[in-house]
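Multiple structures follow.
Look at the two complexes coming up: chain A is in both, with chain B in one and chain C in the other.
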Partner chain A sequence: MSGGVEIPVRVSRVEQATATVKRFSLEAVSGEPLPLYSAGSHVVVTMAAPDRKIKNPYSLIDRAPDGSTYRIGVLRTRDSRGGSAFMHERVEVGTELSITMPVNLFPIVRTGRKHILVAGGIGVTPIYAMAEELRRQNLPFELHYAMRDAASGAFADELVARHGDKVRLYRDDAQEIIAVDRILWRQPLGTHLYVCGPEGMIDAILAGGREAGWPDENLHSERFMAHVSGEPFSVRLAKAGVTTEVRPDQSLLEAIEEAGVDAPYLCRGGACGQCETAVLEADGELMHHDHFLTEEEHASGKKIMTCVSRLKGRELVLDL
Partner chain B sequence: MPIKSRPIYPGLKLDQRARRHLVAAEGEGALAVLAIFEGKGDAAASATIVYTPGGSAGEDHAEKLADLKPDALHVMPSQETAIVRLNGLLGNAAMGTRLYAAGVEGFIGKVIASGLEHGVDHQSIYTEHCGSLARRVQCVHCKGMTENVTATPFTCSHCGLNLFVRDHYSRRLAAFQGVVVDCETPGELPEIEELYR
Partner chain C sequence: MTIQFKKETFRDDFTFSNSPEAIRRFPFPFDKDQYMYAVNIEQHMPGPEKSPYEFPIDIDEHYVAEMEDRALVLKQDPLRCQSLPHMITAEWDLVELLMESMAKNYPEHFQLTRDGDRWHWVNQPLGIDQRFTFGDTATLPCPPMEYITRQCQGDFNLLDQRHDNLWMDAGIVTTQADWSLDFDIGMNFMEWHAPVPIAHDLGVFDRALKFLLNLQQGRPVRRLNWTMTINPRLDTSPENYHKWGIDRTTVTPENVGNKVHLRVELQALWRLPRSNAIVFSIRAYLIKMEELVTIPKWARRFHRVLRDLPPELADYKGLTRYRETTVDWLSKYDDGAPTSPGFFPD
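Let's look at the complex of A and B:
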């Protein structure tokens, strides 16, 4: 299954949250309430660009109490290959898009006794939803949010207004950095940590957690990697009997979809494992960018995660 | 034939990154504890050990554990009192504390259940099975627990029904399930089988 049921939606509101982040409210075209979801969920948004379909995952910030809308936050990335630029430039109130059912690869652990939420930049979107859910359930938590400067903390004011001193803000321009060892110090047994943000930040926080003697079961992260563009190459889908080109601005998965082949995916960010595909032949070097396969699997050259990885070379033959 | 729902105990391993070690041991489980702290004075100094000798009361395991010079050693008269002490320690523990359990299955199960109650994921608990293979079984009819069940069917120590031991393990109760075998013709029992052959 490739994302499953799609829900046609219409943009009902656009907020310019900061210079680089827009928040979009989406309502079902059918007028029906959107499904309930658990905090940490994302949807994959399909955008109909003139020449192609772009599919990007975005975390859900919230759902209106009556289910009439979902909100997503989109950062305009400088090297954006299409998705976020499209959302920023072409999408306005009234634009129709389509979303998948919400999928949660970053859930709150129910048995946890306390929860530490850590966000960097746009990584705040799932964290925002998690804080709200923890507040509703009256569970102990703290939230640490790092942003570039005061103007780029799209969610900072709202978070502080809703959660008060549970929220700590860190501004890069004021040399405020999240001191992992201080945060992790003397947390009660059964505490869970969740981090979403830039790669480097996630790695540092997780490393700090392990260093502090936290078991892996209590450390959770979500990485939404910007698509990795690269050189063009051609891909042959052995079972489907189709050969197509992967353009530089396109992911392997998108090219497969454009060729009319329904390939599996969930996160489109190299994390969930759903898009794992067997490599039959590779005339060139596999450029792995996922966080799912082990190093040995990467080295074996037998598997590829189509959502983020690609080939540097001439032709890739997949078991699809 | 391996039993699917039967828990697996991979063995104790010292987690070098843990800031503190909280160790619960029963009977022969002491030997597993001695093995992992052997020559690791620093780790032992940050360990709290709760030990109940159980069937190994005649041995000098408790003295050997004391020789490790742990931060604290609590020698308790029974599994129940050991678990009460463990719960007190878990209640005050901080993250970075690793939980270890070694001994008979029923004891390990109770330690895991205590861990779960304090928000510790069962996968982050190190366990080692030592000593008897006896099971702890809950009668599904009267809910009474019978310890040290080594054969099936057996007689429930509470309601007296003849129970067949199902291979279904409840992590929360730390017990297997016992279901009546002779409800149609009371007294007519299948041949008694020893568990774990």
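Let's look at the complex of A and C:
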């Protein structure tokens, strides 16, 4: 099973939220309401670039009450393989894209007594949706949002307007940092923490949580990997009888798709496990970048997550 | 297409039976002449016309009688329907799923009108006409999951997803094959499957759980499971074991055809939109041996499956006491001819 249901959408609005973040409103080409979803969900957006199809996951910020639009936020990144640059440079009002049904790999734990939301930079997009859902259900929460400077807080004003003093803002340029030990201090039992942001920030917040004695079950994070580029290598798909090259600027999964083979995937971010594929032979070293397989599975060399991982070497043979 | 609902019972005088049409559409679960556990999950896509897979929710000639039986079970034992407080969003998701599906596919029996949050539901077979506010429990005569599942065939469980596991945190279970919601509520996927033999060693549950954690909205899945039941009793619960356990000792060569039933569960799973929970529905279909053997392919095949079933599976399914008697009876309908591939009658 691969991506599943695809929904053709059209861009109905583009906002330049900050110097580096654009927000896009998407409406269904059919005019039908877009599906409901739970906070923390993302969709995979397919962009038709002239030479290839680019697929990137983006968290859903919100859905218009009548279902007419979704909003996503896209940061222009320097190391982009083309997706964010394409969204920033080529996508305008009227552009047609395709999205998957919403998938939630970062859900609110409904048994939680209180919820602490922590966002850094563009990581605010799923956090924005979670705050909105918690507000709607009248559940206790607080939100901590770190940004480079006042001008780069893409959602700061909207968040403060909606949630008032539940929101605490931190600016890097004013040396304001999220003091995780202070936040976690004296939270009620059954509190859950959710963090989305740059890799280093997530690691620091989670480490702080563990140091404060919090159980792993109460600490949640969403990471989407961006750095899947690397050296080129060749991949042979044993069942399909196809051999193809994986270019430096594309993922293994994208190369498989380009070769016309329908391989399984869901999150395209190394988190969900759907694209787990058996490795038959590897002439080189497997570079695992996923968060799904265990260390032992990585070491075994028998499995690979095609969406983010690749080979440093000559040829990889997969059971596809 | 108007369904003629039968008047029949699943207890006491056991007047349940299948019409010839119901026999032909029975979800026979064996596509080969032997059976072993597998992760036999497939997309819950519309199947052949008139089959139980034609629509997402199957309503058949037993609908009214099954709903009457459910009401009797709930009256005697309200704990068959339970929901933990954090499942209320999933309950409303279920109301939407079932009402939409029933109204769309059986418009001559069920009608749903939506005006924003103001909904109007008409269930003609059960004589129900209800206006309510979607999301406002106070506008229904009972909580939303109980309300709609008292009007829909099959048991329903709502599974919360957290910590990379599924938790049975709500459900209504009155037509079960010897398991208890009251016992399992709050358990996770691995806990509630713990008693199943062999399958753990095959890694079936690890793989099934990984698969289900990724279940997508708009892509429901289904599988068939089976056991056998003596007398057409829907409520074979542990709570009532004292009432039905003894039935297993009453099978004789003379009464096999009428007393012994193949019980097939059509299990379906949907990802719910608002709650991210999963609905796990278990719809039980019963067929008497004398009804089953009217389909020659099924008679031959079921004889072979039952005869060659591994003993630990027969024990787990509770068949051991009457298996031999039933196999002997079925052998009269098996001439040894080869059977065609697939589930459906020739």
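Just so we're on the same page, the second predicted complex is superposed on the first by the 319 of 320 C-alpha atoms of A that agree within 3 Å, B and C clash if a C-alpha of one lies under 4 Å from a C-alpha of the other, contacts with A are read in each partner's own complex, and residues count from 1 in each chain.
The working rule: a residue touches a chain if its C-beta (ideal position, glycine included) is under 8 Å from a C-beta of that chain, and two chains touch if they have at least 3 such contacts.
The shown structure was predicted, so the numbers you read here are calculated from the model rather than taken from an experiment.
When both complexes are superposed on chain A, chain B and chain C occupy overlapping space and clash. Looking at the shared chain after the overlay, A:164 reaches neither chain B nor chain C. Contacts of A:190 after superposition: chain B is touched, whereas chain C is not reached. Contacts of A:102 after superposition: chain C is touched, whereas chain B is not reached. Contacts of A:5 after superposition: chain C is touched, whereas chain B is not reached.
With both structures placed on the common chain, the touch criterion links A:266 to chain C but leaves chain B unconnected.
In the superposition on chain A, no contact is made by A:241 with either chain B or chain C. In the superposed model, A:113 makes contact with chain B only, not with chain C. When the two structures are aligned on the shared chain, A:214 is found in touch with chain B, with no touch to chain C. Taking chain A as the common frame, chain B overlaps chain C at a single listed stretch, which among 20-28, 38-46, 92-100 or 164-172 is 164-172. Across the two superposed structures, the residue set of chain A contacted by chain B and also by chain C is 109, 111, 217. Only residues 109, 111-114, 184, 186-191, 210-218 of chain A touch chain B when the two sit together in their complex. Interface of chain B with chain A (complex): residues 15, 17-20, 90, 93-98, 116, 118-121, 123-124.
Against chain C, in their complex, chain A makes its touches with residues 1, 4-5, 35-38, 40-41, 100-104, 107, 109-111, 137, 217, 266, 272-274. Within the complex formed with chain A, the residues of chain C that make contact are 43, 84, 86-87, 89, 160-163, 210, 213-214, 216-219, 273-276.
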